[in-house]
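Below: one structure, written as structure tokens.
Per-chain numbering from 1; labels A, B, C, D and E assigned in written order.
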Amino acid sequence: MRDSSKAGAVDWLYVAPALLVMGVVSLLPIFETFRLAGEYHRLAVDTRFWPVMRTTLSLTVVTVALELLLGLVMALVLWSPFAGRGLVRAAVLIPWALPTAVMAMAWRWIFNADYGVMGDLLFRAGLTASPQVAWLADASSAYWAIVLADVWKTTPFMAVLLMSGLAAIPGELYEAAAIDGAGPVRRFFMVTLPLLRPTIAVAVVFRAISAFGLFDLVYVLTGGGPGGRTQTLSVYIYDVVFRYQELAYGCALTVAMAGVLVLLAAALLSLTRREEPR
Amino acid sequence: GRSEPADGKVRVRYLASPDVGGFSKVIIERFEKANPGIKVEMIEGPSSGDARENMYSTAFMAEDDAYDLAYVDVAWLPKFAAQGWLRPLDDLLPPATAALFLPGDMEGSRYQGKTYRLPIQSDGGMLYYRKDLLAAKGIPVPSTWAQLVAAAKATQSKEVAGFVFQGKQYEGLVCAFLEVVWGFGGDLLSADGEVLVDRPEAVAALTALVDAIYKDKVVPQAVLTYQEEEARNAFQEGRAVFMRNWPYAWNLMQKEGSPVRGKVGIVPMVSAPGGRPAATLGGWGFALSAYSRHPREAYKLAEFFASEESQKLAFLQGGILPTRRSLYSHPEVLRAAPHMKDLGRVLAAARPRPVHPRWPRMSDALQMHVSAALSRQETPEEALKAAATEIRAAAAR
Amino acid sequence: MAEVRVEEIRKSFGGNRPVLDGVSFTVADGEFVSLLGPSGCGKTTLLRVIAGLEHADSGRLSIGAREVSRVEPKDRDVAFVFQNYALYPHLSVAENVAMGLTLRGTPAAEVARRTADAAKRLGLEGLLERRPAALSGGQRQRVALARALVREPQVFLLDEPLSNLDAVLRERTRGELKLLFKKAKGTVVYVTHDQVEAMTMSDRVVLMNEGKLQQVGAPEEIYRRPASVYVATFLGAPPMNVIPAAQARACGLFGAVPDGTLAGVRPEEVKVGSGRPASVVLVEPVGSHTVLTLDADGAALRAVVPGSWAGGSTCKVEVPPASVHRFDAATGLRLP
Amino acid sequence: MAEVRVEEIRKSFGGNRPVLDGVSFTVADGEFVSLLGPSGCGKTTLLRVIAGLEHADSGRLSIGAREVSRVEPKDRDVAFVFQNYALYPHLSVAENVAMGLTLRGTPAAEVARRTADAAKRLGLEGLLERRPAALSGGQRQRVALARALVREPQVFLLDEPLSNLDAVLRERTRGELKLLFKKAKGTVVYVTHDQVEAMTMSDRVVLMNEGKLQQVGAPEEIYRRPASVYVATFLGAPPMNVIPAAQARACGLFGAVPDGTLAGVRPEEVKVGSGRPASVVLVEPVGSHTVLTLDADGAALRAVVPGSWAGGSTCKVEVPPASVHRFDAATGLRLP
Amino acid sequence: MRPTPLGRVFFGLAVAFVTAWSLAPFLWQVVTSLKPAAEVAAVPVRYWPSTLDFGSYAQIFKARPFATYMWNSLLVGLGTTALTTGLAAAAAYAFSRLGLPGGRWALLAILGLSLFPGTILIVPLKQLATRAGLLNSLTGLVIAYTALNLPFAIWVLKSFFDRLPKDVEEAAWLDGLSRWQTLWRIVLPLSAPAVATTAILVFIFSWNEFLIAQTLVSRDAARTVPVGIAMLSGVTVYEVPWGQIAAAVVVTTLPVVVMVLAFQRRIVEGLTAGAVKG
């Protein structure tokens, strides 16, 4: 309703406090990162950079996709009214509420090759030959263990965000759709999904960013192994900066990571955001 | 910067793991009583060593004088020293005193000829074995790799694995691997920094490890996920005949209710005919922060902790292995813990990991490729060749 | 066969007075029934019950031969023009209109043809690519209407579908609707506040108040023989003059009016120009005619005269005996 | 002093035809002006520009003595009834209505009094504690209206405020509005599609089409002397008969009609009963009167007769010369 | 639109699945926390302890001032939540409604701030906090967490604001509400689902944050729960005091559950129902 040309300087006051806090806390370190970054040429010859980047990207895509699917299901379930919904909502948020590092240890326990419940349960269900399965010893099962633990942990984040999006969908549209002959499934695809699009965009972008930065879980669960197959970029950056003390290169890696994320975020935003009418 | 308090006392600060037995507090109390001008602030950090290393790094990178002393793992030392974060102790520590400590611990406290650390707690890898199971089969305690494999084969069963060690991709794997390499007469770096990782001795060592899993089948594949505790649990629950681990496991296995209580023996890690048994040195000690404004007072505290009296207290109350040789034959100690004699033998043979400022990167390369070999993603030759390439690249930089 | 049979429907929201209080009527197959009633009397609720968007607390409802109380809205085959439109904000006008067809598997060409046709009939041609947010109120209402009209359902439910259209467009649209309903042979329940609309379009009119039926009948009948004072005064603009017995007798215009009754006459049936004298209290010109408020010996009467009023402040007035309606003062019901 | 002066206002959304295309008029202090025009002609947009909710691309706007183009909406002291109500969904009806008062620091007692008063006038008494979602369409509209009426702003802007009310309530509300505006001495711009409303309530009428003014004048004037064919046919229900010269001459009802002109006559001014013969094509009874569609020698004419039609399929018809309007066929403009 | 019996069954199953999926690993922790030490790593897996042992719970409060940690976490959590939501709401409102020139770029820039992994921030952050005298202070944590959460909060709230009917706000202006009042009295109440969601997620973030808390705080008086949990240790370095950690996690999850229970009520549909026609 107001042309951008008319917005006064006063309007920036709404944004100023937030910008100030972010500027002081986040911007300085970021400048610092750029200032310290160097040895970019090493990116090209670093034999670990590309495998790590590949793992990170693939983990990001796989986990976020699964979370979105599961999160949607959860959001829809938690959205419908039923007795005890509040409690179930709280229960569902518990994975997100548990400290990551601790829960990562719990998962290590669960996937433990000797006394892990995962193997035991699957064995009891007749799905494995022995209760002792060394999940984390095998590159691909370790990868999927990380996916499972991460999806488990972060799906609630998706789910609550999507729920807030569901709240913005006027109920009358479902009525209109029902009159138009749409059953529950069709209603989901023609009303819920499109109108959820902006929320999905935000949720997916922020989830992708943090999935890309996946650290604790890998660090604790597999340490990047076996054979470096589950190492992620931020574990690597952590190593480079804090353990190898190669600050310049670590910052360069960070810049590269931010660069990839910019592309990823741009792709996601353009994929998921069509111009929204009000 | 930090402000000095008004009581006129000099503050000495350091970060350590939580003071579980409470003995650190006792020692500090004693110290403060003896040195009324000094106030010690022990900051209890997270119990994870990685986390504390990170906290120290963060503070030092910010050139912060938050800590006067750094309670450092032997593995951190080269890096910390190379960054110039630590102040050499050579002017404070007379050689005669240094000689009273376990040689490995002192060696691990040096970097490029200078001493940076006063060892407080010793640690080293060793082979635990089930006395009862070996005795039942009449098998003697193995001292070579072949004997170990044979003994494991002979004693293992469906429920009881032959041999377990730390096989997850992390620093512990390198420690375990290193012991085998040393046992096979090889090494990772020569004294003058030459990379020996892809030498035949090392390849033979790794091949032996891989074969132990897949050919001899005396090692369960699960060791690829093992850290110290997984291995100890397996062994303590009676699910393994041999185990490579640190001394800490001993006390736990001798606890009331432990299934293997009184059935465990310790020996140095086995070696190949041409090699000599060795233990990878672990252990902790006090280093002096280069940013400290009270190095003398701080060193005083370190010295106090390193004293025989304090170390005895720490051992008796907290199971902290002393770094002073004398304590391994101290009657009071032996009365409380007869196995200290065996331990003394092991630790006397303990060697530090290669001392190199880029050791963490080298170690990571090793971890990754050794892990890759153990999970058969690479052959031992490939793995060590690749690791050697990376290590050389790191060393050359 | 798509007769709509509403039987003893009751519905309340929360503890209050019921919103629908035992409503029963039948709309024959292909019949056009208007639903009239004051604001808040339950018209929308009734339509929603018929569409299945709201569940009646009790009562039976059938569409065609089928009891539909347990049938999903999507399977009732009704088209609904919502009073508040309920357009899909993320779809273009064309997509909004076409949705009901595409969802039912109509071939694309057919969908396009019918969408274009409906858009033309409702003057939406230039707007097909717009989103609802970029439309004016009346345009949105037409989209809502078009969405119902493209389909050929058994029953059309229209909730004040023309309220935001200008007179010309409304008239044109009414014509289109009539044509269309005739062609589609759909049964129609039509809520409107426009009495002309109700009168000219419907086969029958259902008049409600406070959740209860007041009268059901042909428009002429309801207008000519209102069943109660309520109906009499609700219909007609200006509404019927209803005069208590004493005043009616005093003014002498209504013949014999026994105590306990009311006399009524529609303003347009009051004859101005001959008869007994009256004073003109208020003159309201309304374009084609003028509404006079008269005082005939204490009885306040409104009369409609064609054209504008040039008769000054007094006039003569007469009520033809055939135009007099009589009601019971206590019950408000019509006396034969 | 709250004259509203609109000068050369232009506004377009995106690249299309402008929605407002140089609109200028002045509403005097305390004047009641109705804004008429077909759906989508820009009425709402114009009100929004006056309220400051939309910025004109060019033009000037003043309220009272003040140029307000750069004045924030909240400082323009206008009350606005939104076409789509725009109620506060999280507040009760009472809070919705009171919001404008409490914010301006009116004492609580006064707020309560005025809220109750407005609610009573609009028949919302029982609903004060409800949320908008639990109201019927007409009830919501009345809340939107009440919200504007409790205040005493300089200018009232009302966008089809009665469109969803039944006839009785509408009439009653109109009366209340008139009273209130007289008392509040507010200047009023009133959008409506109900011509009776526009005719009876306004001091002047502004008629728009496609973003341009068509005619501004007193209701009588606009009705009696429409400035163009467009105005003539837009107003009046049924609209004016406009006959091309050739047919007009052929039927002989309009006197001399030169080529290139159009002759017009309002249906209610067509005299049925005397004059030239015509055939009755269609009879539409609408309660108080009946609309006939006639064919007089090829000229299609509509005529309004009071009561119902009993005249059969032919009749006589006459057009009084004074009732004939003449327009230029090319421009559509009125000929003197 | 009543659910069919079959639909009900499906829905019931979905609720059960979602609940089980979310709770199972957590319940495993609960069970673990109640096991006597010997059974924690028993082979075969013990699903129920032979005796319920509450020792771990007693131990954590004895070993560490957990009550203080929780109190600190609560203060930091509530402080961060309030500050973040407040600042983000103002900023999001400006971005959504006030047509700031360059607003879209500013938004993207804000998103850009969240692309850098937390690990890289901590060194500069520590320097910053040292200079500002905010080491060992809850205020310091609140500021840091606020800065880190603002991008996310702003995006979530903005995308919700974008979908509120503008007319209602316009009506508010004409009623004489300033923009600020409009935000406060109209926009925020109508955005309750998004605000509640943001609050929940931000609270949980600060409840769980470890790295920064550990970097900026070295005194028990200002330590938060995750740092406290990390300080739980066995008798030896290698020993993971699993029972205690599990107990700590269980204990510290309760406040989050309470918080979620309180806030989730606000995540409901139909807040804008009845506001506008069409």
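Going forward, contacts are C-beta pairs under 8 Å (C-beta built on N, C-alpha and C of every residue); 3 or more make two chains touch, one makes a residue touch a chain.
Given the structure is predicted, the values throughout are model-derived calculations rather than measurements.
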- Query: Counting one step for each move to a touching chain, how far apart are subunit A and subunit E?
  - Reply: 1
- Contacts common to subunit C and subunit E (chain labels): A, D
- Where subunit B and subunit C are represented by their mean Cα positions, the distance between them in whole Å: 91
- Task: Measure off the straight-line distance from the CA centroid of subunit B to the CA centroid of subunit E, and report it in whole Å.
- Result: 39
- Once you find the CA centre of subunit A and the CA centre of subunit B, what distance in Å lies between them? 37
- Any idea how many Å lie between the Cα centroids of subunit D and subunit E? 55
- Note on the structure: Touching two or more other chains in subunit B are residues 58, 61, 233, 239
- Item | Where subunit E touches two or more other chains at once, by residue number | 1, 41-43, 123, 165, 170, 230, 240, 270-273, 276-278
- Note on the structure: Residues of subunit A that touch two or more other chains sit at 1-3, 6, 112, 114-115, 132, 170, 172, 175, 178, 242, 276, 278
- Note on the structure: Listed in rising order, the residues of subunit B that touch subunit A in the complex are 53-54, 57-58, 61, 79, 82-83, 167-170, 220-226, 230, 233-234, 239, 357-358, 360-361, 364, 367-369, 371-375, 377-378, 389-390
- Spell out the residues on subunit A that touch subunit B in their complex, using ranges where they run on. 47-48, 111-115, 132, 134-139, 222-229, 231, 239, 242-247
- Query: Where on subunit B does subunit E make contact in their complex?
  - Reply: 1, 15, 17-18, 20-21, 43-49, 51, 55, 58-59, 61-62, 64, 66, 227-229, 232-233, 237, 239, 246, 248-249, 251-252, 257, 318-319
- Message: List the residues on subunit E that touch subunit C in their complex, please.
- Response: 1-2, 276-278
- Message: Give the list of subunit C residues in touch with subunit A in this complex.
- Response: 51-53, 72-74, 78-80, 82, 84, 86-90, 99-100, 103-104, 131-134, 147
